[in-house]
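All chains are identified by letter, namely A, B and C, in their written order; residue positions are counted from 1 within each chain.
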Amino acid sequence: MKTLEEELISCKTNNQRIFEQRTNLPGVINTIIENLEDDTCFAHIGDEPIHFSTSVQEMIDKFREILFPGYFSREKLDGANLKYSIGQTVSQLHDILAEQVTHVLRHDCLRYGQACIECENKGYGTALKVIEEIPGLRRCLAQDVIAAYEGDPAAKSHDEVIFSYPGLYAITVYRIANILHKLKIPQLPRIMSEHAHSITGIDIHPGATIGSRFVIDHGTGIVIGETSVIGNNVRVYQNVTIGALSLPPGAGEKLRDAKRHPTIEDNVIIYSGATILGGETIIGSGSVIGGNVWLTQSIPSDTKVFIETPKLIYRYQDEDK
Amino acid sequence: MKTLEEELISCKTNNQRIFEQRTNLPGVINTIIENLEDDTCFAHIGDEPIHFSTSVQEMIDKFREILFPGYFSREKLDGANLKYSIGQTVSQLHDILAEQVTHVLRHDCLRYGQACIECENKGYGTALKVIEEIPGLRRCLAQDVIAAYEGDPAAKSHDEVIFSYPGLYAITVYRIANILHKLKIPQLPRIMSEHAHSITGIDIHPGATIGSRFVIDHGTGIVIGETSVIGNNVRVYQNVTIGALSLPPGAGEKLRDAKRHPTIEDNVIIYSGATILGGETIIGSGSVIGGNVWLTQSIPSDTKVFIETPKLIYRYQDEDK
Amino acid sequence: MKTLEEELISCKTNNQRIFEQRTNLPGVINTIIENLEDDTCFAHIGDEPIHFSTSVQEMIDKFREILFPGYFSREKLDGANLKYSIGQTVSQLHDILAEQVTHVLRHDCLRYGQACIECENKGYGTALKVIEEIPGLRRCLAQDVIAAYEGDPAAKSHDEVIFSYPGLYAITVYRIANILHKLKIPQLPRIMSEHAHSITGIDIHPGATIGSRFVIDHGTGIVIGETSVIGNNVRVYQNVTIGALSLPPGAGEKLRDAKRHPTIEDNVIIYSGATILGGETIIGSGSVIGGNVWLTQSIPSDTKVFIETPKLIYRYQDEDK
């Protein structure tokens, strides 16, 4: 045991040591600042910032408030406030969207030396085009909700699908991001889809083409690649990959514009854990792909594909001890 | 290169165009508002709002502060403040819970034209019932923590399990949501479980029945369906599905109340990637289900089931190039 | 239909009932407080709190602002503000880090009765050591970014990798947490890695050893265990497990310090769904592990391992109905 005096000395020594350590901080900071000039590393200095994280969440939230009016708003919507509330939310969304699109355009344009006011102009134009798509989006998402409810005995109501299904969240964000992708807006669609990926574990590239009444059940672990083409009325379960074939090293650059992901025709069901790969692979309409199937070739219409039941080995506990 | 004058004209033209684009916004907003009357889409107008997102997070946080006292609180708990701090947190949780339950009850009751004060009454009654379960919940979760620690060599302490294991987070939320589910509260349990799903990648339906000392290791990609029955001392690894058999199209409605998910008896271990399906499938007590096994039939007690080691094909790099 | 008078009575009765229910709350709270003394449950009373959740997010955000300057900052960085902005962020990070490390050290030290000022001293010392690693970390992460871009045809730019790839997020957090782990800081590295796990679905234990140019594509469902050793230039796809062999019950304690996870040598690619298990398993350099392969034995260098294409069963829809 230390005496009180020893304790005090030990305490002073420690305080002294903390103070001495803090005096080293400026030197370390200088080293970090000098290291900023190391151009083998990535820095984004002089470039337009992309205020993405909180803004992207806010933007997606506003979209959902408008696409499913009254479901995600803090206040009750009724005849008295409906028009004002939705009108104001749309107007706010328009401004956020215009600002975000301008940011990502400027980010790329500064790099290539174009003038900035054109980016702002294109930002406002794009925001308006996206907002104009909202009525169509609402009809499309309504069909997604109905299809999800119809096929899932655990769903108690359409409202439950809207309030709590991660599949619907991911599809909603995909359908918005896909509009931006088709308008050739860089960065933003991918940042949106990775946000949804983070929330849901569902990774749908904004470049994918997906028809109506698309359903994702359970959702975690799904990957749908950039050049996938998916028809109407398709249902996909957890841990399904619709992806590219393996690439020889360094092939990244060369294949950047090729169709590398499969085509899934109408009315197909893909059960959990199935993997379908390759740009020339076509799953014919009405087919059913069983759990854990691994496919790299095309399948004709109205076909069911299952893996042979793997032989299971049974052992009683006392046999192997 | 543009002259300064040309730059100025171009700039003015662009500003003009931005202004013109903004004047189109009111028209677009009107179209969106008119579209609200399209009743093939979903709107929630005149219905009670469900303030879910931030409130559900807040509610789960308060539960965790009370269920593991001192672990997740901002202030240090000791003899001096313990009673007041816990007392106040319980009281806050009670009020949030009463409000949330009232909201979801009203949401459904408005739809069927019942009186609202009864919802509020039931909301307070439910909140109290849930709060009363807390001591039992704490004992139950303590067993879950101990079981997780015992089986995992990477765990350095019980505290580490409590602070950082996503499996424990998901089980905690499941055990709360299950109480609400058994009290027949709509929407809220599912919104809670989907919140945990989003945080952890673990999807446990609040309707599942799960015994004591339940362990989820690593967690991502787990699905446990609504009518699953799981005994005591069961351990489950990543990417395990305890799910329903595939359904004929349109079967959703018909099967809404059937037992569609397996029964797992006591002391079972299910390794990563295993899939167990079907309401009549029973995994006997003490059995071990190996990685990637796909089971749709029952297994007697004390059995180990593995897949035959799949034949692997080895090729040296220079053979195939 | 009720008369107005009946409605009023019913309303009063309900208000009465709510009031009565609220009067039960203090009793319930008392029961919960008494239950705090049940030492079969976990409580953390008198222990130093660990302010983890918001602080860990804030800490990771500051690291990312410094490691990729200008990418994640709210303000534009240029020659005028660069030094001040980075300098201030580093200084803030230093203080958060010192505080967090002190907290977790105190948390453990209180338990063993050591003096607290030494924890603070060690907290400041550790923070400085971590900050000193930043230039090296930046060079290392730059190589991770370049490797991710080179192998992925869906990546449009290095910026896209930095802004939106969950794999890079998880690797960034791993590389920071690994530094803290090597400095023998308890709790904090695991809390950080579980935070990244929650955001990305990628679970890399801070104790793993991972070389340069490490790439995770798509990311969800990845598990990399505590004692894994991974070389340079390794690429891993979604749902890959680099894990431990199954354990006999109760083995947790005994194996807490053994090498339980595989060694992956340089230039290896591991495709989606592959599982590699066991502390003595070594995957030789330059090898390719195909999708869904399940490996518990070593593989020589430059080998490709695939599963035999499982026999698929095709059935036309009209055959089986």
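In this text, contacts are C-beta pairs under 8 Å (C-beta built on N, C-alpha and C of every residue); 3 or more make two chains touch, one makes a residue touch a chain.
All of these numbers come straight from a predicted model, not from anything done at the bench.
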Q. Expressed in ° and rounded to a multiple of 5, what is the rotation angle of the C-alpha superposition of subunit B on subunit C?
A. 120
**Q.** Equivalent interface positions on subunit A and subunit C, same or different at half
**A.** different
**Q.** Inter-chain centre distance, subunit A versus subunit C - centres from mean C-alpha coordinates, in Å
**A.** 19
Q | For subunit B, residues contacting two or more additional chains | A | 201, 220-221, 239, 273, 292, 307, 310
(Q) Applying the document's contact rule, which stretches of subunit A touch subunit C when the two form their complex? (A) 7, 10-11, 14-15, 17-18, 21-22, 24-25, 28-29, 31-33, 35-36, 38, 40-53, 107, 186-187, 190-191, 193-194, 197-198, 201, 203, 205, 207, 220-223, 225-226, 239, 241, 243-244, 246-247, 249-256, 258, 260, 273, 275, 286, 292-295, 299, 302-308, 310
(Q) Taking the touch rule as given, give the residues of subunit B at its contact with subunit C in the complex, in rising order. (A) 66, 68-79, 82-83, 86-87, 90-91, 94, 115, 117-118, 120-121, 124-125, 128, 131-132, 134-135, 138-139, 141-142, 145, 149-156, 158-160, 162-166, 199-201, 218-221, 238-239, 269, 271-273, 288, 290-292, 307, 309-318, 320
